[in-house]
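Next up: the structures, one after another.
Below are two complexes that have chain A in common, paired first with chain B and then with chain C.
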Partner chain A sequence: MASSSTSRRQRARRSLIFAVFLVALALLYTGYKAVGQAIDDTQRDWWVVGSFLPRSDDKNMPPVLDILAEFGKAPREGGTTIGKLTFDGALFTLREAAVGFGAGTIIGLAIAVVLLQSRRAERGVLPYVIASQTVPLIAIAPIVVVWGRTNFGFLPWEWEDWMSVSLIATYLTFFPVAVNGLRGLQSPSPEATELMQSYAAGRRQVLRRLQLPASLPFLFPAFRIAATASVVGAIVGEISAGVRGGLGRLILDFAGKYITGPERLYVAVIGACITGLVAVGAVALAERLVLARRGELAR
Partner chain B sequence: MSTPEPQGAPGAAAEELVLQIAGLEKTFNPDRPNAVTAISGLDLAVRPREFVSIIGPSGCGKSTLLRLVGGLIEPTAGELSVNGRSAQEARLARDYGMVFQAAGLLDWRSAIRNVELPLELMGWSKSRRRARAVEMLKLVDLGGFDSHYPSELSGGMQQRVAIARALSFEPALLLMDEPFGALDEMTREHMQAELLKIWRETATTVIFITHSIPEAVFLSTRVAVMSARPARIAAEIPIELPERTPLVRDTEEFFRSVSRVRRTLRSVEAT
Partner chain C sequence: MKTSKKRLVRRLPATLLAVALVAAACGGEDEPEAAPPPPPAEPAPAPEPAPAPAEEGCDGLTEVTVQLQWFTQSQFAGYYAAKDQGLYEDLCLDVTILEGGVEIVPIPVLDSGGADFAVSWVPRGLVPREEGANVVNIAQIFERSATLQVSWADSGIEGVEDLEGKTVGNWGFGNEFELLAGLRRNGIDPDSDVTLVQQNFDMSALLNREIDAAQAMIYNEYAQVLEAVNPDTGELFQPEDLVVINWNDVGTAMLQDAIWADADLLESDAAYRDTAVRFVQGTLAGWIWCRDQADACVDVVLDNAPTLGRSHQTWQLNEINALIWPSTNGIGVMDDTLWDQTVDVAVTEGILSAEPEGEAYRTDIALEAIANLEAEGLDAGGSGWSRATVVLNEGGE
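Showing the complex of A and B:
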């Protein structure tokens, strides 16, 4: 009883701190803008702060309240509001990211389990896994989309462009899962492994009862990285592959209309931030649930 | 120097022995310049319901011997049979319960689920293994701690869970490698008494590695003294005590046995 009420109080406190942080950020933004603008307006000497810090007029830094108001405005009279457009785009992107995250997790774990089987496999394959991450995403994104349209006809389902974006997100997410997963699978002590041997446990039993559970504390940090990477990968993938419907396309569109309405781009960027936070939050929630089941929150 | 013949069992038939070792040898990295012969020409025989302690200078290969017996590593030469089977066969037949110095509990499993682990691997039904695990935790005086996680248990309690786990499937042989080595003196003596109680109740055969002479004397029906590397059993000392209660530690017989083991150990180390 006592512990649940303290944790509720803690949670309330954390939300309060977060709200205060947001307000402070808005105040800092507004404050900088006001000071910078005042300096900009009076003089432009080299030693004046405002002359070498970013200009702070309404084009570069639209007022906070204008940005907030933009959520409710519609680009066309009576049409969908910017807020709704961003929300729909975020859902679309989140779906791509989630599918990419799921596929990346499965592939990453599979690689980790394969590499676990022999040191030689680990030494031979791991460098390529690492090298895979040096390929620039922007370069492969269009290739993946073209492949998706032309080469994936053998699949039992119709391949759509958003799936190509998911594939790009997969490319980013499998890596941390594979690397941390392998470390986690290797984490049980020799005693624990010998104990399993003394029970005549088979390789699969050792994997299921010992190595996989032992790897969870290593996997969750990887999942957090993978969650943000999948959202960023989806947005960048949408932009460089020209896939419509998600946040990436929205950011591209709004950036094109920046001169007439800079607030919109800010809305889309805030939308992207929140999408990333939702992804990380989902992982954190899953972690809490799993750890609670394992009794590791009692400590 | 005493002979390695098991005391009081002249000409015991092979099938009466739980463990029979003859001419055992273990060399690590055999064909390389850094080859190390840890064990050579080791003989040992253990009868059912015996409690045999193996004691010797540190680094002499006690743990290696235990892992050979447990079928975790293969001997280079010699014979080793457990109830007439090879160590590998015995391991696959789940003849061994093992307890190491580190309790080695799985952090993410409660005490009872840790005890259930080997039963789970052996395919016992959920209700059956739960019932057995409850029984085993009671045996080690941890009834009521079923749902505690290892992090919530003291070192001694963790070690008791490990013992319950090792005994849960009624192995033919309980192999213990300095199980109380990491415990403080008070807990250690308590655990020794506890282990004797369990040994009596379960009629298990125990092989117990230790470097504590009083511990070996208090627990064992026989103490086997190992020589330094390459190790063999240099002497076997039967222990006869009037009773096996904590009070016996203050008796003349206890002191005499302790000093006898100590003298043997010293003579082994000197050679």
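Showing the complex of A and C:
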């Protein structure tokens, strides 16, 4: 039995490892920068090394401390700080991603359950599900936005552009859920299914009592992939569709001003990383809660 | 247009259903206080925005959407100012400004009904038009092109002819045609006499001296160089450090920001045409306000975009004003000569296969709008305007 004190110690150790990892990353970055600049300074004309390595000057790799300081600076005097702008953007993007994740999960599960019903359906439809993921997002993003503006007037609520971005996130999210969900639903052994059937369990009961619970260990990894995909989808969707308020816009905005303030772009990208981590963390938390209740905590 | 929803609501008897619909459709934004349910058997009341004094004549606001070609910045100050200063509302319009995006092209959005009006450069309007989009230019806002080719002062590039043999950056994606036409007119073959390179939408290639001449908008990238620190002096770069080729002077400039509308709808729907006149009128009034109250206008832009720096946007508005004012025929009214020049470059450069058929621009709407503005005592020509001196800060702060 895992006592609470050991799990707390475990958690503390994990945080420590993460902190050490971050520091190591910062040191690696700074180290590369120092070496790169030393090479630049002494061997500028030695084209093999000088032009082979990615640039490491302050324009392209701003010092770590400068990046951290940028969180507290504002784009203009008295304005909102970059850190706050990034935080607000992250919340906005998380909302888009969460809506997209929710919708994608429902759609993905629905597809999995439908495909479960017959091998023929699976063989006929699955290739299209896979093919759907080869369509480049930036190609469909503007279509989805115009679509949302013109065709969703029948909805009881006013359709806003950020919902179109959620739709784009949905598009990335449903796929891993559908594919892994199907595998999970198919995972119970034929004996287990036959046992259920010998108890006169109907199709629906088999699904609810046997197949769905069995699919959970398959679904949660899919949810993690879907969580990052929904954040990526939201950011890419924002960038291509011109939706304001989220991280995508922020990244694009700061990328345009890169030559006079590269630190800002780094801040926005760090914000995007953290947002992705938060999304995955939320899924991991849900996994712990669900699997713990079922007494199946794997690790 | 989205008027139909409101009209429908108004016509419905005020049953519970109608009350629910009004609450759902108009609740929140335009009617902060959803009035208590109206007496039965009466039509639901038209929206009554309380705090706008100047619009007694309005029978409800017409909802209008306009699709911009890029994000909020001073380039679009006139639209934001007209909205913020209630100039649209005075004309009974409720305007929603839709920002552009990387993949959002305004004319197709307009053509597919995703917006009522669009702001687009003229060549980017004419190409989809040639491919079948039924759009027409109803107000030419910018009279001059903002595209420059920027070099270091020590590069010896003083004019187009000096670009021969140089490495010349451009953004591609339709931004290169003024340059290509300018080269050809000066006897330089773009395919063999210069090295054309694709340039990012910034000036790092010029700052790193990877290219000899960089493409720049006078209101954005050019200013960005002047917001960067010169490592040799420790101060910001100065205009004297740079030389520019201005396509307006070379004679290959192509018209940029204009308002486009649905051509068929203008003919068939009198209400849409009326809306178009009011929208153009409000927009032009916004630009006139931004000319006369430049500092306040920059504040409006900054209020709408928290990531923007003040000095950069002040610079940008000043340069945008210089693209508009003084206006030859009054703001919004097309100058035939510049139109012909744009079409000429577009056809010779192969952007268009032929001169545009039918009516690609019309001036009646802008003329009507200007007449209304002049009746109010506003100056649509801006002959007295002159460039202000804007001090740029590091990073555009």
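The definition used in the following text is that the second predicted complex is superposed on the first by the 288 of 299 C-alpha atoms of A that agree within 3 Å, B and C clash if a C-alpha of one lies under 4 Å from a C-alpha of the other, contacts with A are read in each partner's own complex, and residues count from 1 in each chain.
Rule of thumb we're sticking to: a contact is a pair of C-beta atoms (placed from the backbone, for glycine too) under 8 Å apart; a residue touches a chain by one contact, two chains touch by 3 or more.
Here the structure is a predicted model, which is why all the values come from computation and not from measurement.
Chain B and chain C, once both complexes are superposed via chain A, fit side by side.
Contacts of A:294 after superposition: chain B is touched, whereas chain C is not reached.
When chain A is checked against chain B and against chain C, the one touching more of its residues turns out to be C. With both structures placed on the common chain, the touch criterion links A:79 to chain C but leaves chain B unconnected.
When the two structures are aligned on the shared chain, A:213 is found in touch with chain B, with no touch to chain C. In the superposition on chain A, A:191 makes contact with chain B only, not with chain C. Of the two partner chains, chain B is the only one that A:201 touches; chain C does not reach it. With chain A used as the common frame, the shortest Cα distance separating chain B from chain C works out to 42 Å. Common to the chain B and chain C contact sets on chain A is no residue at all. Chain contact summary for the complex, chain B toward chain A: residues 67, 70-72, 91-94, 96-98, 100, 102, 104, 106-110, 117-118, 120-122, 149, 151-152, 175. Looking at the complex, you find that chain A touches chain C at residues 59, 75-77, 79-80, 85, 138-139, 141-142, 145-146, 149-150, 153, 156-158, 161, 238-244, 249-250, 252-254, 256-261. Those residues of chain A that touch chain B in the shared complex are 189, 191-192, 194-201, 205, 209-210, 213-214, 216, 294-296, 298-299.
In the complex of the two chains, the chain C residues touching chain A come out as 5, 24-25, 65, 71-72, 98-105, 108-109, 112-115, 201-204, 207, 220, 224-225, 227-228, 302, 306-310, 394-397.
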